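First subunit A sits with subunit B, and in the next complex the same chain sits with subunit C.
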Partner chain A sequence: MKIFKLIFRNIFRHKLRAALTVLGIAIAVMAFGLIRTMVGAWYAGSEASAPDRIITRQAVSFIFPLPLADRDQIVRVPGVKEVTWLNWFGGVYKDKNNFFARMACDPASFTDIYPEYKVTPTELETFKKERNSCIVGQKLADLYHFKVGDVIPLDGDIYPGKWEFVVAGIYTGEKPTTDVSAMYFHWDYLNERITQTQPSRANNVGWYVIKIANPNEAATVSERIDALFKNSSAETKTETEKAFASGFIAMSSAIITGLQLISYVIIGIIFLVLANTMIMTARERIREYAVLKTLGFTGKHIALLVFGESLLMALIGGVIGIILLFPISAGVAKGMTQFFPYLAIAPSTIGIAVLFSILVGLVAGFFPATRSMRIKIVDGLRQIG
Partner chain B sequence: MKIPLSYSFRNLWTRKLTTIMTIVGLALVVFVFSAILMLANGLEKTFVGTGSDQNAIVLRQSAESEALSSVSLEEANILSTMPEVALGADGKPLITKEIVTMINLPKRGASENDLSNVIVRGVSAAGLVLRPQMKIVEGRMFNFGASEIIVSKGIQQSYTGVDIGSMVKFGGRSWKVVGLFDAGKTAFASEMWADNDQVRQAFNRQGFAVVIFRLKDKEAFASIKSKIAADPRLNELKVLHEQEFYAAESETLATFIRILGLMVTIIFSFGAMIGAMITMYAAVANRTVEIGTLRALGFRRRSVMFAFLIESLFLALIGGVGGLLIASLMQFVTVSTTNFTTFSEIAFSFEMSPRIIITTLIFSLVMGFVGGFLPSFRAAKLNIISALRSA
Partner chain C sequence: MAEGIVQVRNVTKTYKRDTMQIPVLQNISLEIPEGEFLALMGPSGSGKTTLLNLIAGIDRPDSGEILVQNTNIASLNESALATWRSQHIGFVFQFYNLLPVLTAFENVELPLLLTKLNKQQRKEHVETALKVVGLADRMNHYPKQLSGGQEQRVAIARAIVTDPTLIVADEPTGDLDRKSAEDILDLMQQLNQEFKKTIVMVTHDPNAAERAHKTRHLDKGELTL
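Then we have the complex of A and B:
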């Protein structure tokens, strides 16, 4: 056990250097965790999807609308339980940076198909009754301090004009992965105004969300729906909710790959900082190691000393980095609400960060440890500086 | 008296391994930093290069992208008779009425279901005159009135089924690929072009998406802008300089790349700065006697501090130049991603610029300065007698 005491004491001989190294590792581990958390935020949408929901969109891109008339045909497809539809509204709330998803929905069928959005019965009642009302997610309400009864003004871009929606309720998520950062309002209200201002765009639907009776039939039901509209002016593409969400992720795959590359560069930097410190430390202590050998300690003991020190520093740095990750990612989420409304740190991120710290600790200690282990007593004692 | 620069420089080589490790650490940070700037720059350049400052584009007021815009036949006809539109050599107005839509194509090497959106643009005869950066490099131009398309070389290289002679199915018809074009580093390099009337009929559109024309002179833009605003037949439209319009299309994505990238880089540049600091502290500690000697010889505290600071700045500069060199190799890489403003695939490359070089070098010198300041301060503060005794 004596050797552990020695390792511990050794670290703190150069207090400043140890502190700097640990800090460097901590920051790098934190940056690594932050990147993984950001990448994870991308995938969050596809993980929250339900197996019994499929989505029908215009075959080329969901930016092209589908006619509302398709609904009547989709409902009759065998295996379909219920159909609802959504329109992406876009728009600007006060400032372009206040980005959150705003969608037009059919409240009755929407709340049936998305049971994971929880609203109190009275709030649900008002939402269904009031045509200009909307519901907002809990996190959105926290961020912008929306309360029931507030009016949310939006400047339309896809749907031009000034729009105002009254908050009827604030919904919470059934599970932590449920997205509670969107706003939903009445499709009828939107359609009514568009019918007046731009009649050619009336009765258009962004995409259909379809609840199916049996999740195992997703593929066959999807084929049946797409067959209905084959060779029409608006061909459709139907896929599971998960595939639909993954489509979004695939669009930014180049950015995700870039971020992942950066995270490996960061590991490289942790390694360089720690290896540098360990090499310096071992070089300075060559005489000591020679003395230890003279006293009868073997090369193994000395290698253990170096490895232990490297590993311990990496671990301390790693743990501090993980602790720092929490406030920092909360700050980043706040600074970049436009892109990442919320960042949740996955347990796997913490696990991988710890794993990498250990790995870096071992690899960084390898070179100085082998060198110190092999030194000849005579040479070591002769060494100056 | 000043300590010669060579003192600082040669000291770096006395402990090569540590120096190299620190430099590599700095270079890695600099590499990521400049690569991100290059990426955002390449994206912006692609879009800015797409538009010409002599052309104007007319869209529906609510439309943020070409694909979501619509201009009716009447509106387009009114526009083509405006005196602000320049005339071509043949005396016809230089105006192109375009349809912009998207189709799905499978990428090379990807699975069959992994489709990306590619823009199909239907153009008038003036379409090519207005875009001098467009050149047919293989095959021929499509014939107006036929179901033929020309494909950008970049698209042909990254997607399957669009080689010359092959048939592409969309809009309920088969289109023959008759030519490949090169559009340089512009957004057109991610498109396919065909006859606007054919595309319009195939997609069953009542009108066009946008109208683009050459401005007669510098004053023409302001005059046509006020005409459009005043004319009740046209006031649902807006007119923009073509260059500004395309630049705005890239803004969101470029900002995203910059903010995200820089935030991450700045956080982990602390890692590299700390690396430099450790190295410099060790350099000071190892040379305590030397510093004492220098001071005893009559060198001032200021000179000692300066010498160490220079050493650290040298480290940073070598790291910075190294990082930039690796980053400049990235210029051969082309990235393709979805532009969330248009929801279509856009290809662009890493683009170095003098401004990026300067920014990056300043960034690395700042890292060297921050990392070296405290250690040099410690070196300058050393007491001569205790420094000389410390051996």
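Then we have the complex of A and C:
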């Protein structure tokens, strides 16, 4: 019979209380992990960005367009290998809740600059040839059951009117972090209609994506590009793709900070749940601890019993929480694929959850352990158990 | 005459309740020879349990000396006193005080976890102790599966398993029916007579005290007889 056995049996002395405490810890750890995973997913786009791509956008905001004519000047900047451009389209697919990124692109240069988007040669050929065609990411196709040949109707908002695009191909990602939840179609197709309906908005692009020869020269090349359009009606701001993606995240920084704050509040809740249980437990067992001391066990042994129980309960709850995190996170990833194209549990999240479980176990056990180890035997024996 | 195994010399003990000082023992001196079965009697609040606690090293006197086998236990620090208790004292409580999550075997084994005995040696000691108290067939039972008398037997087995110098018992029959109380007293007498154990027992019960070699009475913190 070892002390560990006693700790283990003590935990389940009050089965319902132990089960509720462990369940509380498990749910809190799972919620903590899920929030961290979702926050991590927010940054996934930024983390997946390529070092040899820089983005040129309107200096004031990326919502303002840039002239297509800028392309010819950018492509001649030393250090620039290739240039493509993108346009945020917006629009509504059947229902406003069906949100996913829809962007106009130049198919030829787009697929060269984004080699991580994998599409079969036949589908790519069709996409390049058919002006009203589009390609959709695998996750998007899975979510809305899009197949090659399907027509995707969109109600335009930024670009009013009824739009229809034929699915030419379904692209997959080179890496798990590659975003496969967007739709890309011909910028030419968009520009043609805009030229007819809103000529003043024609021949504009959202932003340029530039492939550079040497990632180490990103800053220099960016300066050269911005210098070209200094004092023009559409001054530019060029930055790395990572910085550009981070800019999007910054817009949601209040939400992300709020979520991170909640995740730490959850740690506080775990602590309170466990501390409450441990204080009750230790109070009930004062007499037993006094008996153990009478038999020759020291205060350190008693502290070990209390700490051990607190730590073990926190760890059991933590492990169950982490196990629960996997199916729940998979469910969230499936249900919210358009918001979280890449939702994966990072090893660091598991590590932090385990670390917090240990920390909470130790801190929650501290007060009852200290009290129990200091109790005088004669006082403890008088305690009615 | 040989010196007593327990020597209590001029011991005084006072408890504090808020600002009040409550004298419990006043200048007590007592000698207990080896192999003695001593009963301490007296009305409630007379200080008999306090004296027992002092002899057992679970409380400290305000003044005076308590020597057990010539060790002045009042001079030991907490850690040394805990080790001393584990080696020299076997406790029997009124309410048995067994751990409910442990079997009879595991409860008896508890004090041995503080020794250097290996698992097999501990097993042998525990089985022997349980045989002495007549509960070898109940070693895998939990306390709630035992009667009060059987629980007290397990507690006695726990008290003797380390072969202590002294067994102290605080009202060991106080929570038992007549028959069980007689059985426990028989057992304690057996430990004293057959195994030559020195026993100090606090009791209210004159019948229990009759089993002892000697009875000392306490009243208002003083030994009267």
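Here is the rule we use: the second predicted complex is superposed on the first by the 370 of 385 C-alpha atoms of A that agree within 3 Å, B and C clash if a C-alpha of one lies under 4 Å from a C-alpha of the other, contacts with A are read in each partner's own complex, and residues count from 1 in each chain.
Quick note on the criterion: contacts are C-beta pairs under 8 Å (C-beta built on N, C-alpha and C of every residue); 3 or more make two chains touch, one makes a residue touch a chain.
Owing to the predicted nature of the structure, the values given are computational and were not obtained by experimental measurement.
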Which of subunit B and subunit C A:355 touches, first, second, both or neither: neither
First (subunit B), second (subunit C), both or neither touched by A:16: first
Touching partner for A:280 - first (subunit B), second (subunit C), both, neither: first
Touching partner for A:24 - first (subunit B), second (subunit C), both, neither: first
Superposition-derived comparison: subunit B or subunit C, residues of subunit A touched: B
Touched partner set for A:151, first subunit B, second subunit C, both or neither: neither
Touched partner set for A:288, first subunit B, second subunit C, both or neither: second
Overlapping contact positions on subunit A, where the subunit C interface meets the subunit B interface: none
Touch list for subunit A against partner subunit B, complex: 16-17, 20-21, 23-25, 27-28, 30-31, 34-35, 38, 59-64, 90, 156-160, 200, 231, 233, 250-255, 258-259, 262, 265-266, 268-270, 272-273, 275-277, 279-280, 328, 332, 335-336, 339, 385
Interface residues, subunit B side, partner subunit A - complex: 17-18, 21-22, 24-25, 28-29, 31-32, 39, 61-62, 64, 67-68, 101-104, 114, 117, 172, 203-204, 206, 256-257, 259-261, 263-264, 267-268, 270-272, 274-275, 277-279, 281-282, 286, 335-338, 340, 343-344
Residue ranges of subunit A in contact with subunit C within the complex: 1-3, 5-6, 9-10, 13, 287-288, 291-299, 376-378, 381
Footprint of subunit A on subunit C - complex, ascending: 53, 56, 58-59, 78-79, 82-83, 85-87, 91, 93, 97, 99-102, 105-106, 109-111, 113-114, 158
